[in-house]
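Please see the structure below; I have some questions.
Every chain is named by a letter (A, B, C and D) in the order it is written, and numbering of its residues begins at 1.
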Amino acid sequence: MKNRIGNIFSLTSFGESHGPAMGGVIDGMPAGVPINLDDIQFFVNRRRPGQSSVTSARAEADRVHVLSGVFEGVTLGTPIGFVVYNEDQHSSDYDALKDCYRPSHADFTYEAKFGRRDHRGGGRASARETVSRVVAGAFAMQALNQMGITIRSKVIEAAGLPEPSPWYMEELIETIEDARRKGDTIGGCIRCIIHGVPAGLGEPVFDKLSAQLAYAMMSIPAAKAFEMGIGRDFARKMGSQVIDQFATADDGSITTLTNHSAGIQGGISNGQEICFDVTFKPVATLMRPLPTVDRQGNPVTLQPGGRHDVYVVPRALPIVEAMAAIVMLDNVLMNRASQI
Amino acid sequence: MKNRIGNIFSLTSFGESHGPAMGGVIDGMPAGVPINLDDIQFFVNRRRPGQSSVTSARAEADRVHVLSGVFEGVTLGTPIGFVVYNEDQHSSDYDALKDCYRPSHADFTYEAKFGRRDHRGGGRASARETVSRVVAGAFAMQALNQMGITIRSKVIEAAGLPEPSPWYMEELIETIEDARRKGDTIGGCIRCIIHGVPAGLGEPVFDKLSAQLAYAMMSIPAAKAFEMGIGRDFARKMGSQVIDQFATADDGSITTLTNHSAGIQGGISNGQEICFDVTFKPVATLMRPLPTVDRQGNPVTLQPGGRHDVYVVPRALPIVEAMAAIVMLDNVLMNRASQI
Amino acid sequence: MKNRIGNIFSLTSFGESHGPAMGGVIDGMPAGVPINLDDIQFFVNRRRPGQSSVTSARAEADRVHVLSGVFEGVTLGTPIGFVVYNEDQHSSDYDALKDCYRPSHADFTYEAKFGRRDHRGGGRASARETVSRVVAGAFAMQALNQMGITIRSKVIEAAGLPEPSPWYMEELIETIEDARRKGDTIGGCIRCIIHGVPAGLGEPVFDKLSAQLAYAMMSIPAAKAFEMGIGRDFARKMGSQVIDQFATADDGSITTLTNHSAGIQGGISNGQEICFDVTFKPVATLMRPLPTVDRQGNPVTLQPGGRHDVYVVPRALPIVEAMAAIVMLDNVLMNRASQI
Amino acid sequence: MKNRIGNIFSLTSFGESHGPAMGGVIDGMPAGVPINLDDIQFFVNRRRPGQSSVTSARAEADRVHVLSGVFEGVTLGTPIGFVVYNEDQHSSDYDALKDCYRPSHADFTYEAKFGRRDHRGGGRASARETVSRVVAGAFAMQALNQMGITIRSKVIEAAGLPEPSPWYMEELIETIEDARRKGDTIGGCIRCIIHGVPAGLGEPVFDKLSAQLAYAMMSIPAAKAFEMGIGRDFARKMGSQVIDQFATADDGSITTLTNHSAGIQGGISNGQEICFDVTFKPVATLMRPLPTVDRQGNPVTLQPGGRHDVYVVPRALPIVEAMAAIVMLDNVLMNRASQI
């Protein structure tokens, strides 16, 4: 609980954004998985700023130091400890934030909970926390790939612009530039598809695969909605429009003609593609003067400082994939105990 | 895991719809809570069929037998075991289903997972499973009410009809009757509001309060989407439209002028109302002949049998409230360990 | 935690000795295990009083009602709910105990923890609580037996009398009769041997198989010591006297010439017999007037009432075996995730 | 599970003895505890070799690097990540061990479990793993001390020599020297006493305080027996010899005249001193040629190499205290949820 996710395959993470390092312990990684550390690093690099023309270009070297659990390129079955050092934090930039609460950030709630907080940046509430998730997800992915399970994701909507539109990218860049001029920000929605999942993963009642995925996705900073398949639109459909008729495939296996269930029936995978959407709210840090209050409740105005992103949804793609990988590997392992 | 939800306050449930009984163990209920068993029963009765003019009228007595943990009307701090017996199951009605897979039900996935299933009704995948959730939620609610925390919910959309419309009920009844004639079904969406929550509940990273609520809601049968506040619409807003400005209330406490965050910032409650929506797909059992396959993959046609509901979303209201109560009480107790 | 034991295979138990029933939920039982309910009942009967000439003869029918998880004689993979009703509790016998604390019972500590207690008998602290353990253990045993793992136990010491002595039983009966005359009681020690365990069970660091067995045994009421193999005597040996030399068996498998390690090395089973001892303190209920205090700290004298056992260690045999079975099945299932 | 201990306050550890580092994540440390890092380091230094005249003098710098969770000298309530680097491992010393199994070590069982092992030293089975326990215990201790709970331990028996003897140290040194000449080793027994524990800690059934302590102690490498109070001797006593009579202290509080229960009744602390013994087997690495087998079952002889300790029980003192501290702090926090 608290800073741990997973039953058999689990990540326990640590780290404040402006402390010495982020990191974690991956427990329950099965022995015998060949690990390519370059691929781990490559996957982690995807969440850095500056990966696309529409996100910012701030350099940030997130070198992953693996401290245990891998020997001669193969997992030992023992826990994998890892550390990613924080650099160039410029903590002094944050002195102005020490005594006041940024709107829609976690400053106020952390103090309500813990009686104190690390005021330098977001501390544990910083998006930087996700680097540990991505490392763990990258390890899980290497195990899943061995089993033929692959995970991919894409942005399907940003600032209300749906992706399939031919003018999408042009309009998006314009929207971003407009928001930047106004000191405003935008959000978006990511679709994730998991391919190659065998039927039978997930638990019937509380630990439904869909419930575990919802938990994992909604734990990502700024996530606000989770939808399986057509999601909210299920409220607008007739049953006859969304049931999936069974059929027999050429190889004799049982399949479905449609996939409205998005790969999960009764909480358990049915062998079809798993598909879900995660919506992220716009970045909460606006580049404009913002009225707020200090710890004593006195009104103060926050002046914009440093430089911040207008649009960060693409940086969430590897995080969504990583969280999906953590859930899927855990369920593959859990399912080995389903039958005698 | 598996059939258990909760960290400190938890429910472990059991029961197949056509076995002898449903039930569970509520562990972690604090000692000293006065329990009104009539209120528990009243709450459980809300999920029975026949509670409103738009759901079916099948009689179903779900008497809760409390077997431990309550002494002289007060909780002992020991686990609360309870049983709700199954009656009138008419298992023979289900013989036709023994060897074939109903579309969009869990028949196929259970067999994929366990190698077998109780083919009489849905077994563990039946909506009847939720009776145990409602009992546990009713107990949690009595503890929460003592702390001033209340939970209520309502249907906000059914078959695409939004609730605030003046013609809503009239149109809904017409839609239901039309669906019934065609042997079809409809889904809907429930909004849940939690009032009186102190600031500070929820854990920063994985066990965000929003993530725990998403997990709990998506574990309810037929749940397909979970949205905090405006949910999916966050992808269509600018940051300036959805940040919540802090202010000082008349009593000196810090509050927010708006509640776009829906009561949770950085995964932790901020003292405002918590608000989320849960979407349920239409009932999967259509009252019309349905093509499917049997265990060997041969095509068969299922004939409609028994009587089934066209629209069950209102019956999910106490289930949504119960799951919310389980999560909230667990977090109240967990939070007691946040500070020395 | 609290009233739950086990990771994948788990028991969550409930029940006060003088409430309506004892029971529990067995979660994580794999699907496909043929269950003989008569054998379950037979195993449970072993813990009743009156099973041997040296324990008391009070009749107590502990009929196990299985409410879910078994269908057509085979486990479904779903949770197994069960109930054992309490009968003939004669709660009025206990009125005298309402306000005072019996020495070396849990009356005082329960009130310190929970602020109240069910004063009729021991409540949750009664040895009757163990009936749920024995039911769960009986189910686990049927799965283990399918895998060739067997568990047996015996009393090796009672009231200081070692079992191998030729006059053991004669002396023991004399000791018991003498104690009964004096209103006194005796304790003893049980040895448990687990046969047929494959090498590789247990986790390297905290969840060592020996640590899990110690936890399970020390959770039994009145257990006071847990020893692997020669236990305390390891402090009196030289290393050369207790290391186990490896050798190759006739079938080519690697074995050890001795078994000082008692089947576990580095926390993981090595394929040899697992052997441990559990010591139980004498029954705390003496049949003589006992000075104590009431809730306000005033001195009072407890008068002996009802009839109580002088010596109950043999009744703990099925409890020790049951707890061992719960641990072993859990570890068999956990170990399936050790390698990719 | 696996590499994690604790419910609310927990340690998840990682590290192979000859990998880059040992470390872990302490989760659930409450916010607001002042931390003295020098005292943490001092406590960790106690487990190093060379701390007494009877253990070896090998230098080993175990500098603890705290990476998160402490800010301006006080805990934040967020997880505490820490790393202790491994130095001077001389991995080449271990090449001879690559393909053969050292008697009474975990080489064979790790391979049985994981299909492979890090053959350089003990890997995860090395006693070096305990450094992470000691770090976590040192943090727990600082929180406990604030509450008036203190923990201390001492060796009470070594090589069969009881500590109270006036000639103990002289005889012990002679025994050690004799063992060293013969390439042999000795074990011993540690007594741990926990003072200042409030009544009410521990859970009634499985998570008895005694069961949790047994688990924690038996998870320490080489631990072979756990005894509450007089332990195994309870099998040799009459009930009248070991019950604890209640009495009222001068300050009006309820106490006991004796403490045979060793501070725990019915699994819950009663406010008296908690006292238990842990027995450690002799070091398994003998300094003499040892017959064993290789991976293929062929007989080989291990030649003694490097230098190893004859007697290491005093180095286990801080480990026993650390594990006790982890258990006690977890139970203090858990107990906050016992009453509404």
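Here is the rule we use: contacts are C-beta pairs under 8 Å (C-beta built on N, C-alpha and C of every residue); 3 or more make two chains touch, one makes a residue touch a chain.
Here the structure is a predicted model, which means the values were calculated and not measured.
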So the chain most remote from subunit C by C-alpha centre is A
Considering A-C alongside C-D, which chain pair is linked by more C-beta pairs in contact? C-D
Could you give the separation in Å between the centres of subunit C and subunit D, each centre being the mean of its C-alpha atoms? 25
So, what's the distance in Å between the C-alpha centres of subunit C and subunit B? 38
Expressed in whole Å, how far the mean CA point of subunit A lies from that of subunit C is 45
Touching at least 2 other chains, the residues of subunit B are 1-4, 8, 13, 28, 31-32, 77-78, 113-115, 124, 204, 334, 338-339
Residues of subunit A touching subunit B in the complex: 1-5, 7, 13, 101, 103-106, 108-110, 112-115, 124-125, 129, 157-160, 179, 182, 184-189, 198-208, 210-219, 221, 223-232, 234-248, 252-254, 256, 260-261, 264-271, 277, 279-284, 286, 288, 290-293, 297-299, 334-335, 338-339
The residues of subunit B that touch subunit D in their complex are 8-9, 28, 30-33, 75, 77-78, 143, 146, 204, 333-334, 336-340
Subunit C-touching residues of subunit B, taken from the complex the two chains share: 1-4, 8, 10, 12-16, 19-25, 27-28, 31-32, 65-69, 71, 74, 76-81, 83, 113-118, 123-124
